Amino acid sequence: MSDGLPIEVTLPTPLLELRGISKEFPGVKALDDVSFAIYPGEVHMLLGENGAGKSSLMKVLCGAYRADAGEFYHKGERVAISSTADAQKLGIAVIFQEFSLVPYLDIAQNIFLGREPKGRIPGTIDRHRILADARRVLDTIGFDIDPSTTVDKLGVAQQQMVEIAKAISQNARILVMDEPTAALSDRETELLFALIARLKADGVAIVYISHRMAEVFALGDRITVLRDGRRIDGVRPADVTPDQLVRMMVGRNVDMTYPRNFADKPGEVLLEVKGLTAPTGIFDINIEVRRGEIVGLCGLVGSGRSEVARAIFGADPVTSGEIIFDGKTISGEPDLAARRGIALIPESRKSEGLALLRSVSDNLVVSALKKLFPSGLFDQRSAQRTADGLIRQLRIATPSARQTVGLLSGGNQQKVVIGKWLAAGSKLFIFDEPTRGIDIGAKSEIFALIDRLVADGAAALMISSEQIEICHVCDRAYVMREGRIAGHLTRSELTEENIVRLGMHHA
Amino acid sequence: MKKKLGYLALPLLMAVALATEVRADGEAIAVFTKNQTNPFFQTVRVGADNMAKSLNAKTLQYIPTKPDSIPEQLSQIEDVVVKKPSAIVFTPVDYKAMVPGVEKINEAKIPVVNITDRSAGGKFLSFVGADDYSLGLETARFLLKTLGGKGNIVIIEGVKGSLTNVDRVRGFNDALKEAPSAKLLASQPGNYQRLQALQVMENLMQSNSQIDGVLAANDAMAIGAIEALDGANRKALVIGINGTKEAIDAIKSGKLLASGDYNGFAQGCLGTMMAIRSWRNQPIISEIVLKPTVITKDNYQPFDVPLEQRTCPTFEDAGKLSAK
Amino acid sequence: MREAAVISQPNPLQRIPGVAIVLVLLIALFSVIAPGFLSVANLSNVLVQSTILTMLALPMTLIIMTEGLDLSMGAVLTLTSLCVAIVSLATKSMLLGLGAGLLVGATFGVANGWLVAIIGIPPFVATLGTLGMAQGLSLIVSDGQSVVGIPHSVRDIYSATLLGIPVPVVMALVTYAAFHGLLYHTRFGTYIFALGGNREALRYAGLSPNRLLIAVYAIGGAMAGIAGLLMTARMNSGHPTAGLGLEFDAIAAVAVGGTSFERGNGWLLGTVLGVIAVGVLRNGLNLISLPSSVQVASVGVLVILALFLDGLRSRA
Amino acid sequence: MTDITKGAIVPPRSFLSQDAVQLFYRLLAALLICAVLAVLSDSFLSLGNILNVLRQASLTFFIASGLTLVVLTAGLDLSVGANVALSACIAGTIIHKTGSPALGILTGLACGGIVGLLNGIMVTALRIPSFIATYGMLWVLNGLTYWYMAGETLHGFPAGFRQIGSGYLFGLPIPVYLLLVFLGIGTLFAQRTIWGQEIYAIGANPVAARLSGIPVARRLLLVYAVSGTMAGLASIIFLSRLNSAEADIGESLTLPAIAAVLIGGTSLFGGVGTVFGTFIGALILTLVLNGMNLLSVSANWQPLVTGIIVILAVWLDMKTRRRAQ
């Protein structure tokens, strides 16, 4: 079953079929002769490592890119997708990770952007109709909110709902979702899945991109795997195991259990947080992290995990409580924490972790400048040398240390963020969703890296929404709920069930 | 909220304090000048204050916050008209563009005296000013006389189109016409700005190996030109116009040949005098055009006293001072 | 999101104080200490004096909402004012003059938009360049001289009244109404929010950000044209330096009015309040005749204070 | 400024070759202008005139070089001109009162630095956008200067002091030496110190810079203080060059300085640009004005020409960088 034909003949005419789609950019072949079909009422999982061509494929589907070669067939007849307008006519809608919403317009205006109902006076908008229409659309997806709320007041999940509402309002028949659950809490995820089920029932086809194996098997009707811009295979979830999928994606065997050589006896206490309370909404946080440990910090999105991380790092102000690091209490700006040896690998790499326009080398040395150049005199060459060392050590895939970091894949960008703290010689690494938007191959590399760090006497505090990861790699874990530590789980107690139980709201 | 009010309280108190202090009796004379940066207008203001004090009236000074800003002076007129001062002593920032403002004053029936720049329109009790043309003519003549009627001359003009500049430069040129053997090399604008004049001069010295005389439309530019000459270790006779303090010093030290006395102090004095007299229904002189005086190292002494110590001319002197 | 919280003021209601507090306090202060401040004549003065700036500040708000800037407005206004003067002088027709002003203004506006949208030059640079050009042209066409003797039909615009309200104020009110309608009730207005908030959204909606952007700058230019007419009417002449620097006053008014420079977060009414606050300050200080140097400084203090208050609130 | 699309035109600074290329283009442009002027005016190529241009460029450069650092952090300082005026007036008074140039120079620099520091505080502590904060500061400074000077002019300074601005050393004007010195210092500071690196990092992404352990607030304070101090320096040069000062000397200095920075290829979005570029920017501006004087072109044309140059320069910059990417 090297190609998925035997399955496809049994199905009705596809809603949309791609044949031999290719897209080339100077230097890279983003898509190379990709063909697959999307059928009404199915969830079509699109798998592949970052850089495998998923996003290019999405852009081609929604008309943002124009394919160099290849044909599209809509319900059997040949069509051209050369503009977003074309895509919309065919009922294709894409929900990107960076939302295409306008912060200071209200939900209704966002849903109907560019398609506003005309008012009596030419050029004006029929306010009543736009609100009514918006309410209708929101009802169909079961999202209960006042459509005249401005989007800047919505949370990520709510914004995503608005995105979907927008797609539905364009009566999209093909909905492309790029890691929709990446930023969602478990409860929100359930809502989303329920919605997806409803859409399927209405015969909407959903192309679903995800890095989470659980989702792939829970939701997927069929799976298409991409690698290096080529379609590797099309399969049904029933016919494959996670490991097989990973092999298809990565092209080699990858162990998904993130093995760790757990420290039999943890080292002395490195970080001690006592009764930490901050205006960002965390209360009486007590945490202890020892050398050689990876300590998990879990709980629902919005339970205050990132806020704890930022407070420890000095990124947010603290009202009360004490942070003792390496025997000394610290309080103040991030630069102090960093100098003492704390490292924060923030949730959003692009906006908080990297200077995307600067080179890999610039980003790698930025936190270590004082350490590398105690005289205060900077030397580009030795900076480069340091960078090259880290690039080799972390196996960062980049043509050179001078490459613009913004051009690297997510995984490699993440490695750069970690690398800059290696250069700084940090002792405590606080990871906030270190595997967000990173493909499986890179994931296990990252975990191996973290393992090596703690093995060498450092310590890690790891925030993750993926309980499996926590369970696999952490020595112990704290579970947060509504800004407080809801409980502590030792290695033996560390199971997904326990995490969920402690993290759940007891309404 | 409390916090915010705290921040606001400060400027409020300041304003109250300053505001209370301006309440006083006797005639209030509103004096309009072009800007608070040009020394000349400072002499005008001091003259006005000086005279007002001696006639126990008081002055209110109105100066655009942006130097020479037309819209601002218009706004200030509109505001003053509400305030209804006894009389107004007025220097237009632009002699044409301010006419509507003057008409507003006339409509409000506030007596107004025009000083320094002759307004192109509107009704005035009196005009007090110097004759820019003859000032330009006389100072230029003096320079050419010292040069023996020959030599290479450059003119550094003021702000193009400003009344003073047009007449002064016209005076320069007429003086040059009288000396056929003198040669005008260039006439470049320095916009009454020291730095610009300096750079213009530097550049002119590059394209002209021999410059004997510099006619600058005001003192600041003249001094700028002198600095340029010094910088290049070159010598030339330089004259300016206005008779500012620094010009006097430069004349004393022999750097500056001469400066035409624009006599802002007297303009301020007499303008204010006419304004107050008219309010007191005393006779006034409807036009005083000050005689052009060329300040040289032979006659600078009377000008070499700090403004504050100068005394305003009396009404009787006023007539004698006038050219006509 | 987290940074967003710092950048943007939550909603108008929470935003009103910044400007409004300052304005109210100024009015209260001056009505106490400045004789004649509350007189109808004076208040109408303040309003009339604020009209020209309002006409620049309103379009400036839209431009800043697109994360843009127009430094050329003051110079363009100067140039259009001259054009109005020259043309109306030549043709003895106010309307032709206005037409010329509008044309020149709009042309510069389009040029700005073109440089920013199509050529992709940062707004600050592009409009700094056109500022120079407009200023140069003003000097060249007028050779540094004022243009006088223009028909009375022009100056009457400034002095005339409609139902007892000065015509400039009427024009300003109409302009505000127009801009309010445009921004909050038309599709174009919606797209202006999107230009600053999320340009991709426009592209996906199949709209051309570039055309919209050019339109926004063109509006700015055209308004400079109308303001130019007022300026000429006010001076009953054209002058090559009349409007220089007004763009900064306008930008300051917009900022004081609580419009932030990021993500298309703008507030029209605030801008007007900002303009009036500056007007009241200058007028009041003139009435109590403080030393002019205090006036100069106080403008700066006002600007800093208002933004500081907004900053406090956005953190609170 | 974390949004790539905004700065997409510019590649990372560390493409040193890239920057070299940009500087090369600029030098080429400057030389081109020189060539044209040399053809049009025989007096242009005289040594005297070259020194002239350099000396005139130096004043703009001193202001612009400090400004460059501010712009590198994606900020702006509109108060430099007013700062020069105030510093000059205060320094001048001190020299008059004490008769000691050294003391005057120190106060001048200090005054400039303090003003810069205040700007920095407004931007960091009060979180007011630099554009507005420094615009407000501009008015405050003007107010102070007007009040302080009360329309007077300071003039007549000790010959020794005036040497700084108008003196010569081995046939070269002293300002030219100063220009070279500060060009060197500026370049070293920006390219060869860790503070310089941190400044570039802050400009490229302030949030990431802070979370990378860079003391952003302190660096910004430093940058604004430096910009202010350079304005102070400019005021000293001005004072000794013109042997006098009045309240309005700042008016005409700010926009040229900004223009020089932009022509020099520093991006307003921060993180990209060089002090050397700014130097060439200042040079190009001065060359053009010098040329117009030599060819006695009406001064009316100056703003127009300057405007066109600014746009052209930035446009070419984008073009060349785009091609390079």
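In order of appearance the chains are A, B, C and D, and numbering begins at 1 in each one.
FYI, a residue touches a chain if its C-beta (ideal position, glycine included) is under 8 Å from a C-beta of that chain, and two chains touch if they have at least 3 such contacts.
Predicted model, so just to flag it, every value in this text is computed and none were measured.
Counting C-beta pairs in contact across B-C and across B-D shows that the higher total falls to B-C.
Separating the centre of subunit B from that of subunit D, both taken as means of CA atoms, is a distance of 33 Å. Remark: subunit A and subunit C have CA centroids separated by 44 Å (rounded to whole angstrom). Centroids of subunit A and subunit B (each the mean of its C-alpha atoms) stand 71 Å apart.
For subunit A, residues that reach two or more other chains under the stated contact definition are 351. Residue positions 2, 139, 142, 146, 207, 298-300 of subunit D each touch two or more of the other chains. Those residues of subunit C in touch with two or more other chains are numbered 3, 139, 143-144, 291-296, 298-299, 301, 308.
The set of touching chain pairs reads A-C, A-D, B-C, B-D, C-D, using the touch definition from the header.
Chain contact summary for the complex, subunit C toward subunit A: residues 1, 3-4, 8, 10-11, 181, 185-188, 190-191, 193-194, 197-198, 200-207, 263-266.
On the subunit B side of its complex with subunit D, the touching residues are 35-39, 41-42, 45, 65, 67, 160, 186, 188-189, 191, 193-196, 198-200, 202-207, 220, 223-224, 227, 230-232, 244-246, 249.
Subunit C makes touch with subunit B in their complex at residues 17, 21-22, 25, 29, 33-36, 39, 41-42, 45, 48-49, 52, 139, 142-146, 148, 155, 158, 231, 234-237, 239-243, 245-246, 282-283, 285-296, 298-299, 301, 305, 308-309, 312.
Across the complex, subunit D meets subunit C through its residues 2, 5, 9, 78, 122, 126-129, 131-133, 135-144, 146-147, 207, 255, 258-259, 262, 267-269, 298-308, 310-311, 314-315, 318. Taken in their complex, subunit D has these residues touching subunit B: 41, 43-44, 46, 48-49, 52, 55-56, 139, 142, 146, 149-153, 155-156, 166, 173, 238, 241-244, 246-249, 251-252, 289-290, 293-294, 296, 298-300.
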